[in-house]
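You will see two complexes here that share chain A, one where it goes with chain B and one where it goes with chain C.
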Partner chain A sequence: MNKTITLWTRLLLTASVLLSAIGMASPAAAASGEETFKKKCGACHSIGGGKLTGPDLKGVTERRTEAWILQFVKSPQKMADSGDAAAKALLAEFGFPMPDQDVTDADIKAILAYIAGGGGGGGGGAAAPAAPAAPPSAADIELGAKLFQGLVRFEKSGPACNSCHHVKNDAVIGGGVLARELTTVFTRMGAPGTSAIIGQPPFPVMEAAYKGRDLSPAEVKALVAFLQDVAAKEAMQTPVDYGNNLLIGGTGLFLVLACLYGLIWRRRKQLPVNHAVFERQVKSQ
Partner chain B sequence: MDIRAQISMVFHLDKCIGCHTCSIACKNIWTDRKGVEYQWWNNVETKPGTGYPSKWENQDIYKGGWERNQDGTIQLRGAGKGKGLGNIFHNPYLPTIEDYYEPFTYNYLNLIEAPPGDDQPTARPVSMITGEPIDVKMGPNWDDDLSGTPDYARNDPNMAGLSPAERQAMFELERLAFFYLPRICNHCLNPGCVASCPSGAIYKRGEDGIVLINQKVCRAWRMCVTACPYKKSYYNWHTGKSEKCILCYPRLEAGYAPACMHSCVGRIRYLGVMLYDADQIEKTAAVPDSELVNAQLSMILDPFDPEVIQAAKANGIADSTIKAAQNSPTYKFVKTWGMALPLHPEFRTLPMLFYVPPLLPVMASVTETDGAQKAKLNPIAKTWTDNWLYDTSTEELWGTVEQARFPLKYMAAMFTAGDEKAMAERIKKLMAIRIYRRWKTVGDVDEAKARKVLADVNLTELQAEDVYYLTSLAKFNDRFVIPPAHREQAHEMLEFVGDRRGSTGFGFRETPARGM
Partner chain C sequence: MDASNLFLFVGLPYIAFAIFLVGTIYRYRATGFKVSSLSSQFLEGRALFWASVPFHFGILVVFLGHLTAFLIPSGILAWNSNPVRLLVLQVTAFAFGISVLVGLVGLIYRRLTNPRVKMVTNNMDIVIELMLLVQTGAGLYIGYAHRWGASWFAADLSPYLWSIFLFRPEATAVAAMPFAIKLHIVNAFLIIAVFPFTRLVHILVAPFHYISRPYQRVIWNWDRNLVRNPASAWTETRPRNN
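Then we have the complex of A and B:
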């Protein structure tokens, strides 16, 4: 009995390994690996193009084992938490963990095959538009600011950036705190990184939020311009921090209103006319 | 002179048996809907009692009606421009649902659908507002069942002016008495509800003076609920509009009496048109309390007076309406015979529903000649020689009026703004006619006495017979003299109807749009 199972298992395993080997070798898989890389990784990683937001992935298959990569890509933070030295080192080097990727093992293997195959050389972020060489135009900054705040709607109705992100800038109202604060994102990632992330979000939540609502190149350009401007002007911004005053002021106003209402409605009928009668009545509950 | 026609009502309280048929007739027609379950456009109260909503007569609580200023003008007590603005977000004088009563039904279905169990299934009371089981706290006619308790009868706001001894006398065993007070909207000449409405949704119909709330214009301010001292404007919590008695105007227009009057078992209700001088309204509503009743009655004009008829015609009042006014039973009771009085004239809304006050319980004649009866009485019971008087408490002809079981002061607080003399006058008339008729039918009253009592109250024999007829024998058409509504004329004012001529009478049968 046992023997039969083992035999079958072996057969199946062999078949699957063979099949996957064939798949990896096939051009279709390589193409899909390239696609996935550009979509999911290219924003932060290059293949032989040097360090971007994340490390250069050239030769990564030689540096790490496949098993390690499979595990790491799915949840880098968990890996670092579990005490993996390499993951910790990466976290220390880049300062923030790579976001968890919603990819299958087959996808990763395809990407690795693409990387191993040279990845078409060049930098990452193949989808990214050319970085603006000159300082961004005022029109772009203005449009970017409006798009960021949702004052102008994205063409495909994607949610406005400030529903999740905040930037320190006097010109715009505060944004949400659900995702990273973006004041210095341009400094950290540069034009290619920023526009790649905006154009093709590699973060699962952001990806889901903009699924089927991709931003147009013009919108990406405007937002990058805005973020560049924000990063450049960061030192000059003095956003007002009300701190506890807001809470204290609110409480004070509430008390004033409470007194006012108490005064206006002081003659409010508090009890029914026959309250005393009702009080005496036998109640079932 | 600005003569207008007003449909007015007279309720003869001596005839009311308190059966609530009127209330049920009204409820079934008009207030059997969601949001108005608690409303009783017609309700019957037991007096003494606190009524519905509880203590509605106490304007310190509800701030209804008008009050007279020092300078002789009047203003609404709890509503109006300034006060309304001050209470725009919360009107503190509104009755709450508990002041009316929380409407309830019983879960009858449980009686037949309950699963088998150890106990008999019961039909629990269920709130008609929330649908949840409730403890019934109160009903719309709670005074019926609980009158006499310290909570209801003894809290009657009309007893405010009575001394403790007088109050106690009202509840003395074997002297205890009560009467019924049916109430509907008074369709006042100076309605507080109309004056208070910030939306201008309430109006008094020009042709017959019926006060109506335009449901499309009402904006749920509920100022009318406060302003009506009779609490006869109600808020429909489901539609967010206020509603009130419409005097069954669709029935009136078709020539039928309102449902409450039509169904009245005791035939206590009379309806007819009266002509009044609208120029006098403001002045009349502002006279001192003591003159209120007479001032209001003097506004009502004689429909036989040629000058009045001419002015009425000039004002567009139809001949048929003038004729109805001449036959109006309410004009007879109110003006010709001077027997009916408005309820709480001191609210200054000039109500056009009048009440013939109750003569209060007639006691069997107990005399010293009636030995068998006499033996059953307490030895200290009073005896007298005259054997025709109704009341056993006095020997004087009119003494019974002063010593009635209900103090005149109490009745006057309800019907004459405290004028006991005016009140006594009405009660004497009622007594006089009764004594006169007793002479006629039973014959145990001396003829001289019968004639004397009539003369004392300035009634002729013919008038007494008329009163007797309208009180006891009147047929439908005597009790309800409804002027033709002339809707066809109103219709013609609104649109051209000439195109109908020559185009009706022949054609194809088509299914009506509403479906068949």
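Then we have the complex of A and C:
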């Protein structure tokens, strides 16, 4: 017994040392307001450059209190749900909630200081590629469709868009349903918003997936062209339900597997060798 | 990232792996002969076949699939870059997932209803079967409702798992995943943590050498007809060791 206790004590000690080591390593060094703004906000917000996907943030500290901003940035949807009038108005104006941001109060204050300092002029995302002229070229649409489902890989081998995103379009197979459906994204966000998000994803899951695998401006341009085409042709598609096909296909293949199991072991012993003994015992009880 | 996510996706994996390692080594050293999964094939065989075989082949393929996506995510992404190959992979994985579920439900049913199997069942057998049921249910739901898992696993979860193993935990993306995926991940860590205390330890002592070992012939060095004849004296084959 003594031996067991020492062992568990040691185990707990090791675990706690490990955990504290991790705890010390995790807090990232506070980034400057400018860096964080470009990384997290620039895809959708400008500073004095007009409305993009989200509102222009010039003078935001005059319009809202700091406490309101601190609460809003971390979870806009929760704030709208709680009945905050300003958050609800923003949701109504832009049509979709801003994603929750994984930032600290200090980060937000640094960003606000950067915004108050004028944000270095125009604003917008870091090197957001130019929007394609409407209508997009057929070559771009085709390349975009291939990039979207992976037939042409991204230069830095990032995952294809359809890993997580679905679009209603017959040119590509049904996409994933981990993230938002993108059929009408172009209508909602326009070329600047769409290309800014693709070039500099502000969502944690997408950011991690493309870490160190940024898309090139040409790739972003082709994808935006494809998404514009998808939004325009939405009504003309006859989409296939991939979810149910997966269910039916999977079940069918399982039945084949079950037959295989039966066939491979068709000469198996059906009953335990001592089945007769067991039966006798049950009867005699 | 808030404290609960930090605990579930950074703290818990390390606690789980620590318990797994120390617990398994301790169990093997303390009661080495009990590192196995007590077979109940002698007690019941017919239902066992239709539960154990689908379960084991299913879980082998599903587990190796997860392992491949963890070890060579770029290979999986390259394979999935062709939509037809992606569909083939997903449907196959889903079929083996169903195989796991059907087998597991069969095993649980058999364990709870067969009086002879009940006699050799301990509490941890039930606990681990229920944990596996949650895991399989969540896995199939994810496969259906959050497709295409093979691709986003390679893109998001493989880097997360590597970050854990390389002691540079980075769980922001996982913390933002849908509930079913978080459940699948947390339950996986819990299964790893209880592993040493359950019949799952048989995974570590699977007799893989049976595959390559020469087959064994069993030879009786006596006349079988003579032995079976009740009239013959049994000194013929009298055992010498008892």
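The working rule: the second predicted complex is superposed on the first by the 204 of 285 C-alpha atoms of A that agree within 3 Å, B and C clash if a C-alpha of one lies under 4 Å from a C-alpha of the other, contacts with A are read in each partner's own complex, and residues count from 1 in each chain.
Just so we're on the same page, a residue touches a chain if its C-beta (ideal position, glycine included) is under 8 Å from a C-beta of that chain, and two chains touch if they have at least 3 such contacts.
On a predicted model such as this, the values are computed, not experimentally measured, just so you know.
Chemist: Let me test your reading of the model: by the given contact rule, A:149 touches which partner, first (chain B), second (chain C), both or neither?
Modeler: second
Chemist: Spot which of chain B and chain C makes contact with more residues of chain A, would you?
Modeler: C
Chemist: Should A:70 be classified as contacting the first partner (chain B), the second (chain C), both, or neither?
Modeler: Neither partner.
Chemist: Go through the superposed model and pick first if A:268 touches only chain B, second if only chain C, both, or neither.
Modeler: It touches chain B and chain C both.
Chemist: According to the stated criteria, A:106 is in contact with first (chain B), second (chain C), both, or neither; which is it?
Modeler: neither
Chemist: Return first, second, both or neither, reflecting whether A:278 touches chain B, chain C, both chains, or no partner chain.
Modeler: Touch status of A:278: both partners.
Chemist: Just which bits of chain A does chain B share with chain C as contact spots?
Modeler: 265, 268-269, 272-274, 278
Chemist: Could you pull out which chain B residues touch chain A in their complex?
Modeler: 50, 53-55, 61, 86, 89-90, 92-96, 98-99, 133, 135, 137-138, 151
Chemist: In the complex formed with chain A, which residues of chain C make contact?
Modeler: Per the stated touch rule, the residues are 1, 6, 10-11, 14-15, 18-19, 22-23, 26, 41-46, 49-50, 53-54, 57, 74, 77-78, 80-83, 86-87, 90-92, 94-99, 102, 116, 143-148, 151-152, 154-156, 159-160, 167-170, 172-173, 175-178.
Chemist: Could you please specify the touching residues of chain A with respect to chain B in the complex?
Modeler: Residues 264-265, 267-269, 272-274, 276-278, 281-285 of chain A touch chain B in their complex.
Chemist: Across the complex, what residues on chain A touch chain C?
Modeler: That would be residues 7, 10-11, 14-15, 18-19, 21-22, 25-26, 100, 102, 149-151, 153, 157-160, 162-164, 172-178, 203-205, 207-209, 211, 242-243, 246-247, 249-254, 256-258, 261, 265, 268-275, 278 of chain A.
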